[in-house]
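The two complexes that follow have chain A in common; it is paired with chain B in the first and with chain C in the second.
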Partner chain A sequence: MRIGIPKGLLYCRYHTFFETFFSKLGSEIIVSEQTNKDIMDMGVEFCVDEACLPVKVFHGHAASIKDRCDYLIIPRIMSICKKEYICPKFCGLPEMIIHSIPHVPKVSMEPIYMQNEKEFFKWCFSAGSAVTKNSAKIKKAFISAKKAQKKSRTGIIEPGQKLTVMLAGHPYVIFDEYLNMGIVNKLRAKGIGIITEEFVSDSETCEEVKKLVKKPFWTFQRRIFGAACVLLRHKRIDGIIYLSSFACGIDSVIIDLIRYCIGHFPMLVIKLDEHTGEAGMDTRVEAFIDMLERRVLNENYNPSPWECVFSGQNPV
Partner chain B sequence: MRITIPHLGNVYLAVKILFDSLGIDYIIPPLNSKEALRLGSKYSPEEICLPFKLMVGNYIASVESGADTVLLVGSCGPCRFGEYSELQMRILKQLGHNIEFIIMDPVSSIGLNELFKRVRKVGSTSKKSALSKMGSIFLAFTAMKLIDEIEAAAHTIAGYETNPGEAKGLLSSCKKEVFKCSDPIKAVNILKQYSNRLKAITVDYTKKPLKIAVIGEIYTVIEPFSNLYIEDILMDMKVSTTRKLTPTWWVKDMLLKTIKLNSRELLNASNEFLPLYIGGHARECIGEAVLAAKEQMDGAIQIFPMGCMPEIVSKSILPSVTQKKKLPILSLVVDEMTGEAGYRTRIEAFLDLLERRREHVRIRC
Partner chain C sequence: MYALGVDVGSVSTNIVLVDNSGNVVEKLYIRTKGRPMEAVRSGLAVLKEKYDDRQIQSVGVTGSGRMIAAIQIGADIAKNEITAHAVAAIQMDPEVKTVVEIGGQDSKIIIIRNGIVTDFAMNTVCAAGTGSFLDRQAERLEIPIEQFGDYALEAAVPVRIAGRCAVFAESDMIHKQQLGYAAFDIIGGLCEALVRNYLSNVAKGKELLPKVLFQGGVAANKGIHKAFENELQLPVFVPPHYDVMGAIGAAILAREKLEREKKKTMFKGFSVSDAEFKSRSFICSGCPNRCEVVCVLENQKAIGYFGDRCGKYNNRSFSSPAVYV
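For the complex of A and B:
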């Protein structure tokens, strides 16, 4: 049995689990390629026009492997944490795929609730049953996959020469190099330190969102908003670069929440869609970095003319 | 305390009757207009959906005429609607208005005690006894039901009436008269009168008008300004329309949700295509489309605001409904930049297609 796993959406975070689980069950795993132009074009072709870019790209990934596998894993991740969701589009993902792409093989339709092991195992059991009838084997594969997942860590934390920015946004935008046009490498090349929301603990973000009137019901809203506020309060960052996909409903809320909380702290919001040009993005990132540099070096610091002469700075 | 509410179709009439009979001070914002939309889009986040922007426009207009409390229903589902109150509070605060928000969240997420506390906050400003308060709520609900029935009847009759435009005229004069009347019992009587007058309209059932179901996101479907008065346009074109999502339906749905008996018919119909709740009213939208096919409608028009997450899912499923159930569906996306001419052209083209389809394509034999 060949299991197809599209390399889109939360694959970047949970690939270890899914790959270990199905390989322990003894099935052949077919993973789609890294996102590239063909995949994106296919996604744009099949997916409904109004959807956001990551969902379109996911459609492309699914379409690229659908003929090579017998069973397609389309994770309908309802929630990761208790009483929290990811996004309505995640809840209806299998339906979107089935009804938009012609001739798809069998698809995993069961919902995934990751907040507790029992609920999560339900999904694994139903997906595993498609491969083997041996329930002990499924249980064993589940346990070892869980162990492997625990060891794997996503997230970027890199010290910079002078500046550190928080790279905020959904993980499937940050870790897909094609989608964000290699922004991580671009920042690295400029010697800018990067930190993502994974390096702020869950308890800290939970504490932070208590300031809000209403408890957030999206996991990434709590994580990203909380992390941005915590990092800012601890003065660990000099700026925020928010990678957002066009028409992302959740980002439209998070960005504004962050804006209200950070005041005049610098934040660059980059909207990504299938038409985004790389040159435009480079210019904006460069301008933002230049601004950050001047802010850190010059703001609230008025060097005397003598100092300027010695350090070679422009006194104006 | 002066309470205000955002607009949603004819809800303002029922709310007016409720507050009038409770004796609570209130302000109904002016009906949605370009001005409300302009103000709303100016102060709202850029990518948020259209209902949010219109609501902000409503609040600002109300605050300027002296309101200090906003009464709003909420949700804690995966759809953005649940976050409205959070952002709207901040927007109004930034504009320098100190407004209190009373949000009626579903019982399942805030608990019964908290909900009662919030209801009491509104109710405590009324000097009526508990029994007469119950009576007022009942009166308001009756009014809401009557308005919905009148509206639904007018929309259906529009295709059959012998004097074109009669139903539309009655509907608009009914709304005006009820809004002018400040005596709640009189208002309900006016509604009853109009209901009877509507029944007395001469109709010709030998006519075969196009029958169209209006489906989609609940706010844009109910609030006429947000969908560029689509139901009026269709009435003018002598099309008979039906719509299952109404404020009355919403109230019943919310009440029955706690015991999971809400709108069985719609949800059962949607099971074939979308068996799980995904937030918003995506399941209901699919269910309505399936039911429209079952009821031998000629077509359906789906309306949703730009970026509405649940409706994007249902839009991607609707082509399959079209194919399997042989029901043509037109999806219209509205936002603050929707142009009326383009919108009208698409509706007209869709109606033309449906007419020809009925004459030339033998699908129902």
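For the complex of A and C:
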């Protein structure tokens, strides 16, 4: 049995789990390549036009391996934290793939509720049953996959020469080098330190969002917004670069929420879409870094930008 | 002794010579027409008649075509447009707090406090409200772009036109034309729509304090200028060299850099205007990224590459390395 795993969307975060699980079941695993032009082109060709770029790219990944596997893992991830959800496009992902790409093999359809072990096992049992009828083996594979996932970490934390920025955005945008036009390397080459939301603990972000009138609906909204506020408050960053995919509804909420709460703290929002011309991004990043450098050199310009977080009343 | 500043934009290529006290002694405004190297070459050919290589102390380039221009002429610095525009604006008027810049393909806002850029924004996905859009509409209405602003000022009752998207603005405008509205009023309405679009997209959430400078090619348009003043309820100043501010900024930055580092210029000399420049692009098949690599040729000899993500071509050293900061 050959199991196909597209290297798109939350693969970057949960690949250890899925790969361990299926290899423990004794199946052969086919993972698509890193995103490249062919995959992007295929994704744009197959996917419905309204979807965001990461969903399109996911279609490309699925299409690139569909003929080489017997069972395609299309994770319908509904939720990864209690009472919080993931982008609604994940709910319909299997249907989108089956509808848009011709001749797809069998696809995993069950929803995934990752925060709840029992619920999560349901998915594993249904997907695992496609490989083996031995339920003890599935249970064992589930346990070792969970263990392996616990040990794996994603995120970027790198010290810089003078400046550090928070690279914010959905993980599938930050960790897809092709999609984000290699921004991590661009910042590295300029000697800029990078930190992502993974390095702020869940409890800290939960503390932070308690100050909001309404509890965040999406996990990434809580994580990114909370982390931005915590990092800023602890003076660990000099600016925020937000990578947003064009047409992402959740980003539009998070960006405005962050903007509202950080006052005059510098934030650069980069909208990503299909274009491959890098001049637009280079100009914005370069100008942003120039601005940060000059701000640091003239610190008395703005006494303490960090104090503007949640200054005064907070009607959000 | 002069500093040479070159701004290779999507619509125009601007070249300036700035003397030691910061005065603009020479200024050229050339239409790029999609051929940046030809535009730079023809500009240098004009300067060659009047100036000597030794009079050029430093060279700075900016604009979306800065990479290619830096390789072509041997620049000391290649800087982004935002920094260049801000530096020029501060030099022109130390009191400036807000810079509105509208060029051919993009529009920006730069917020300056106490002589430091504290915030900026550029248009994201839509080019509505930029010079090339206005160019296109002027062509549609068969009005020379130079007179566009005068027409707008004649408008008695500017027509309301949707300004969110260039394509929709155009179709809205055509509908209004079909209904028989006067050209003056349509143009007046278009200027208002573009300013509204700019303020709600690019300048969204920014604090626009006086003094406001309006620069970039579109600042020549009196209609847009007036629409900005009406909408902001503030006086908006158009500096004397509004159309070449990016080039002035590049020149200043280049001079500052060489003075700081005590280095000599990398300028290749005005003779580059005699050389034949070509560029050729190919798709690298080294990996599945399939980068579109551009190779710049001077008299059939490769002098620089860019466009590859991995640096396979980019990192090749050449006799005239461009300095990117």
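Just so it is clear, the second predicted complex is superposed on the first by the 298 of 316 C-alpha atoms of A that agree within 3 Å, B and C clash if a C-alpha of one lies under 4 Å from a C-alpha of the other, contacts with A are read in each partner's own complex, and residues count from 1 in each chain.
In this section, a residue touches a chain if its C-beta (ideal position, glycine included) is under 8 Å from a C-beta of that chain, and two chains touch if they have at least 3 such contacts.
These numbers were taken from a predicted model, which means no experiment stands behind them.
Colleague: Following superposition onto chain A, is the placement of chain B relative to chain C best described as a clash or a fit?
Modeller: In the superposition, chain B and chain C stay clear of each other.
Colleague: Going by the touch definition up top, name the partner, chain B or chain C, that contacts more of chain A.
Modeller: B
Colleague: With both complexes superposed on chain A, which partner does A:133 reach: first (chain B), second (chain C), both or neither?
Modeller: Neither partner.
Colleague: Going by the contact rule set out at the top, does A:91 touch chain B (first), chain C (second), both, or neither?
Modeller: It touches chain B, and chain C stays clear.
Colleague: With both complexes overlaid on chain A, does A:257 touch chain B (first), chain C (second), both or neither?
Modeller: The first partner, chain B, only.
Colleague: Classify the contacts of A:212 with the two partner chains as first (chain B alone), second (chain C alone), both, or neither.
Modeller: In the superposition, A:212 touches chain B alone.
Colleague: Contact-wise, after the overlay, does A:235 reach chain B, chain C, both or neither (first, second, both, neither)?
Modeller: neither
Colleague: After the two structures are laid over each other on chain A, how near do the C-alpha atoms of chain B and chain C get, in Å?
Modeller: 5
Colleague: For chain A, give the residues common to its interface with chain B and its interface with chain C.
Modeller: Touching chain B in the first complex and chain C in the second, residues 246 of chain A appear in both lists.
Colleague: Using the touch rule from the top, collect the residues of chain C that touch chain A in their complex.
Modeller: 64, 67, 79-83, 106, 113-114, 116-120, 122, 124-125, 205, 287-290, 292, 309
Colleague: Please name which positions on chain A make contact with chain C in the complex.
Modeller: Spelled out, the residues of chain A in touch with chain C are 33-34, 36-39, 178, 181-182, 246, 259, 264, 266, 269, 271, 273, 276, 279-280, 282-284, 286-288, 290-291, 294-295, 298, 301-302.
Colleague: Note which residues of chain B are touching chain A in the complex, please.
Modeller: Residues 45-49, 74, 76-80, 82-83, 85-87, 89-90, 94, 101, 103, 109, 273-274, 276-280, 282, 306-310, 312-317, 319-320, 333.
Colleague: Using the touch definition from the top, list the residues of chain A that touch chain B in their complex.
Modeller: For chain A paired with chain B, touching residues are 47-48, 50-51, 76, 78, 83, 85-89, 91-92, 95-96, 98-100, 111, 212-218, 221, 246-253, 255-257, 260.
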